[in-house]
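What follows is a pair of complexes built around chain A, which joins chain B in one and chain C in the other.
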Partner chain A sequence: MGRYILRRSLLGVATLLLVMFVLHLLTTFAIQINGNPALAFFGERVPTAAQLAAVETRFGLDDPCYDQTGNPCLGPFVERLGAYAQGDFGTNLRGREVTDIVATAAPNTLKLFLVVTIVWFLLGMGLGTVAARWRGRSADHGIRLTSVLIDAFPIFVLLLVYRYVFAVPLNAWATETFGADSLPALWFRPSFDDDHSWATLLVPGILLGLAGSAAFIRLVRASQLESYAGDHVRTARSRGLHERHVVLHHVMRNSAVPVVTAVGLTFTEALAGAVITEGMMNIYGMGGVLWEAVRGTDVALVLGVVTILAAVTVAVMLVVDIAYAALDPRIRYA
Partner chain B sequence: MGRRAALAAAATAVTLVLASCSGGGGGDDEGGDGADGGGGSDADATLRLALAQDVETLLPMDSNVGDNISVLDVVYDGLVRYDPETTEPYNYVAESIESDDNTVWTIKLKHDLTFQNGEPVDAEAFARAWNYAAYGPNAMANNYFFERIAGYDEMQGETDDDGNVTEEPAADTLSGLEVVDPQTLEVTLNGPFAGFATMLGYTGFYPVAQACLDDVEACAVKPIGNGPFQVEQWDQGVSLTATRWEDYSLEETPTYGTIEWTEYAGTENWPDFQAGNLDFAVPPPAELATAQNDPDLQERFVEGPGAALTYLAFPLYEDGPWTDIEFRKAISLAIDRQGIIDALLPGERVPADSWVVPDGVPGGEAGTCQWCEFDPAAAKAALEKAGGWPDGEKMTIHLGQDETEQALFKAIGDSIQENLGIPYELDPTPDYFDRRSARDFSGPFRANWFPDYPLNENYLAPVYASGDAKNGNTEFGYYSEDFEAAIAAGDEAATLEEAVTHYQEAEAVLAEDFPTVPVVFSVNSYYYSENVSNVVLDPFSGEPKLRLLEVTNGM
Partner chain C sequence: MRGMTGMEIDISGAFDPAGPDDDAQGQVPTERTAGATLLEVDDLAVEFRSDDGAVRAVDGLSYRVEAGRTLALVGESGCGKSVSSLAVMGLLPPTARVVRGSARYRGTDLLALSPAKHRAHAGTHVAMVFQDALAALNPVHTVGYQLTEALRARSGLSRREARRRAIELLDLVKVPNAAGRVDEYPHQFSGGMRQRVMIASALALDPDVLIADEPTTALDVTVQAQVLRLLAEIQAERQMGLVLITHDLGVVAGVADDVTVMYAGRAVEHAPVRDLYAAPAHPYTRALLRSVPRLDAGADGDRLPVVPGRPPVPGRVPSGCPFHPRCDMARDVCRTDVPPLADAAPERSSACFFAAELLGGARA
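Let's turn to the complex of A and B:
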């Protein structure tokens, strides 16, 4: 077990370094090809060489390698790694601490993800189980059709329709019925409100969860159908166990394993959805921060945020791997 | 100034971005409108505005985008403020600003003014802010505003051709700034400039407290102002709250108690306005028609001319048909400005027929461009006179990457192609600014100008004057002796009115030489909630004037 954890950890660190290096190369080339973000600081104005040099220094982009297309800029990368090792994640272009930005943004994204995950589980396990239990019946057909319909509505369509068609009248109705500071009025607020983060994150989270739930419904259904056909279920039934007991303890529990794995894998997809959701609902979260950082070629911020995200992902994967191995004895620490 | 930086960086619907940043950029009317106090506000009322999320600093020396300018306009007081009708400056923190030769300026300050931390607002407070901004290595966004003050060059480092710093600046204070006594600041410029007092209301010229320079990082997040509001709390990226400063001693202060800015990543704040969470907003294009057909909303609509000019420039430094004025005339006459606006951006732009925004700044006049109307027949005739367009070649129109502008310039290209038969292609380039300063354009290109201070001179000299008879200005290689002479005459004029007249002569030279083609001016508009009244848009910044607003708490 110890060696297994060690090996996985080393692999995790190697992955992290690779991710950071690739990102560093991408952002460096972006600067070399698209022009230094220091120039954007001046807008329409043509800066003098001295003014440009001063802003490049301020932005930490004064290393001459940023002007040489194709130069991988290893010097600044090694410097950055050294700073990271000491817990210094640097600042964004205008001098705000990356850790400060992440500390403000991450909780909102985590809350959003929590709502999304709960929605996934409820919809996936609920509808998937029903569809598998009554396979081929109208419930099954209905649920499969619903999952196709969900796929047909990407998250930005859902949010756009919600914000511009439903949110305002719902909010007005809730305000009139329950008062401006009531919970229902906050639920239907068209944008995120930092003072009421849970209440205003609920609907966007449910919508984002809904948009991603189709795959889960189908996955649960497929994996439970497999379980129904399994030897252990036949054995359980032959022992005369009640059908409900069979479904709950032998079908659903077993089908949960691939679903847990899928949640981990879909995490990245959810981040992509979070960029859209956060952008449209004006949630100050990791997705939005990253999006703006990439647009502004803010190297330090992109690298800092992604490194922190990647570190968390690698750590989560590691925990999942270990838990997985612990849960399922067939998986060996070999 | 930085609103241009915002235009460049945001690369999305320009007016919407700007419009989403509520706030007053200029100043207030001294007497008119019964504005001071008004009595229409609740003292505990809260004004709720939107702010763009990319506001990174509230340091006056470093604030140059519409949003932090709006915030600082109520947090700081400048030497002068601007009349909301005419945009002409009047003294505010300054008792008087005088000069005999337009080169040495004596600024007298009002007595007994303090910062919100109790420090005096004296000549030293201005000198320390200006020196900090002018010192090159500090890399302040408003650094270049101090170019005119003597000693600026000594405060900039030297660089080699690769942009590496080879020499540190020789001085760290402006030799042209002298604190004569606590109430008197003497400023010596590099040369005469009649518009100097006009510049002084700009954010970059605000004073700062010593405590601010002692901890610049803290001051950038929680400014120590001398204006009617103080910043209470700024959760960067989320929200900003300012409350009324009770010890404010000057007259221009609103009577409502709090301003809350919510930061928005994009321009998506219209539903929040509809839900009653914001007091000012602009609908997105898709909601425009609905808003325009809502009689209730129409009563709470305010519109005013914007100051930004979008124009078409030519690489006059390069051989091509465009070196012939007849060709440039042909292009201009072939653009159906009104038709394009009506089809693409109804109500969001107005056709431009001058190089200076009419009415927006002193000296601005409509109709100075005689070839800015749509006249396909005259266009064809002019093209013929110019010798036509080379057969089989495509005209490339260069511009930055911006969806709205690309659509606009595609329509302009179509208009030219349809009326002159010149085939064209758009070249939206991510490194527009790089290529423009490297003179890397092989065809006409889009350009945009937002003035730094409200004076017609600012539309002219910074763009067209270079003093380089051989190469012309960097951007498009224009030079005119008459133009430079008219600008110089204006700079030396005894009064601002005379100066403005000389600058108008300079614009007339442009109208003759026709180096660039004015295309459209921006338009500012807002819808506002039932909680606010006395809404006046600043003709220069296009933002609601926060000090004139009256706010009541929602029903």
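Let's turn to the complex of A and C:
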């Protein structure tokens, strides 16, 4: 088990380095083709050569390799790795520490994620289990139809429809009925409010969770159906065990491995969804920060945030891998 | 033929079915008088739904399981022997249903109970041992957990007590180092040991009747013999009724008391094991017996005779006697009329019009 975890951890670190390198290559080529991002610092103004040089030095863009299209710029990459290793993620164009920005933005994203995870996990496990248990009955057909319907509405469509069709009338109704500062009024507020982060995150979180649950429902159903067909379920039933016990200990428990895999996949999907959700709902979170950073050509911020998000994803995948081993003894002893 | 009396009966595991904590509620008094009827299947018929309409998998099967005796259900794959036992246990797949008949356990018709009650009742008193123990045991639970799962679900045994019982059960089926292996998983056991675990898990509730569905088919020949001997010993010790489902008449000879031979969903012959081997009363049984390899014959390199042809596909059973296309004594009547299972001699019956001829021929 220890060796298994070690092997997986090393693999995770290697993956992270690879992601960072690819990211570096992409930004390098973008700079080489699109021109100097240091200009973005000056906005409309035209800087003098000395000013530009000073800014380039400050953001590490002074290396001549940025002028040679096709040069992978390994020097700056190694430099940046060294800085990251010391906890220095640089500053954004306004001189604010990237780590500081992340520290204020990440809690909101975590809250959003918590709501999202609870929603899709409950929906997926609940509806998937019901559909598998009553396979071929009306409940199963209804649930499968629902999951396809959800898939037909991607998260940005859900959010657009919610924000521009439902949020305002609902908010007006809640304000009228319960008062402007009441909880329901906050729930349906069309944009994020830092003072009431939980309440204003709730509806976007539920919508994002709903969008993520569709594939998860089908996966839970499929993996449980596979367990139902297993001989060990027949053995458990032959011992006169109650059907509820059989479902819990021999169907759901045995389909935990594919479900955990899906948790990892859905996590990354939700991460992508969070960027869109936060951007559209004006939520000040990691996604929102990234959204703004990309629009403002803020190279250091983009690199820093994406690196942190990649590190989190790799960590989640590592947890998933360890969960595999905990759930399936055949992996543990392999 | 080796009788059961010739076997050593040594149940080393000190399993005490009437122990102080044996409070499995709702059990019928478990005194088993040798010869008492425990399970009686009568005129059982099972149908499968298919695209071509209903298909009879079992048609009018009857048998009786008595305490301390072993009944072998013998037949080729697809003859309905497994399906009939699944019907008794309430484990038929959703596409199958019982269309006729009864299965009385100590007087209670299991098939008349609601599905949940059927399964609970059958599971408490009738236990099943399945063929492929690797698939039939749950890969993600320890052996100890699976051995006592049903016990704990019924009696709320403590974790520690359950573990002790699991070790006793492993000892009972002679798994070496039971205390060390109780926390291992099925995939860490060898095939034979796994099948012993399977048997132990079936014995956990001290069942009256044990149905063993091809318990040794997946095992090496030497291990087969050990597992069969173990089953026979435990059965004799506890005076259980044992139903041994197999396609291998060689397996039957050493262990069974009575044999029911099945063909195409029906019983075609029923006889005490000695009589059956001495003189089969059905051409199918005779053909099966001829296809069992023997040490004392065929030294000159003769080929082992096989039963010609294939068993009928369920749903396309030929008219008349279902065996007639493969039968070397078939006459015109066999193609048109279905021979009923009728008494052929004391204690034995045969579904062949010419059973008397067969028996007479053997005596001559």
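Note that in this section the second predicted complex is superposed on the first by the 309 of 334 C-alpha atoms of A that agree within 3 Å, B and C clash if a C-alpha of one lies under 4 Å from a C-alpha of the other, contacts with A are read in each partner's own complex, and residues count from 1 in each chain.
The criterion applied here is as follows: a contact is a pair of C-beta atoms (placed from the backbone, for glycine too) under 8 Å apart; a residue touches a chain by one contact, two chains touch by 3 or more.
On a predicted model such as this, the values are computed, not experimentally measured, just so you know.
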{"item": "Partner chain in contact with A:Asp151 - chain B first, chain C second, else both or neither", "value": "neither"}
{"item": "Contacts of A:Asp88 with chain B and chain C, given as first, second, both or neither", "value": "neither"}
{"item": "Partner chain in contact with A:His250 - chain B first, chain C second, else both or neither", "value": "second"}
{"item": "Partner chain in contact with A:Glu226 - chain B first, chain C second, else both or neither", "value": "neither"}
{"item": "Touched partner set for A:His242, first chain B, second chain C, both or neither", "value": "second"}
{"item": "Which superposed partner A:Arg234 touches (first chain B, second chain C, both, neither)", "value": "second"}
{"item": "Dominant contact partner of chain A by residue count, chain C or chain B", "value": "B"}
{"item": "Residue ranges of chain A touching chain B (in the complex, touch as defined)", "value": "33-35, 39-58, 62, 64, 67, 92-96, 100-101, 104-105, 163-164, 167-168, 171-172, 175, 189-191, 193-194, 278-280, 282, 284, 288-289, 292, 295-296"}
{"item": "Parts of chain A lying in touch with chain C, wherever the complex brings them together", "value": "230-232, 234-243, 245, 249-250, 253-254, 256, 327-330, 333"}
{"item": "Residue ranges of chain B in contact with chain A within the complex", "value": "1-9, 11, 53-54, 56-57, 136-139, 141, 143-144, 156-159, 162-165, 217, 220, 235-239, 262-266, 268-269, 271-272, 274-277, 286-287, 430-431, 433-434, 436-437, 447-450, 474-475"}
{"item": "In the complex, chain C residues that touch chain A", "value": "89-91, 116, 119-124, 127-128, 130, 132, 135-141, 149-150, 153, 185, 187-188, 198, 201-202, 204-205"}
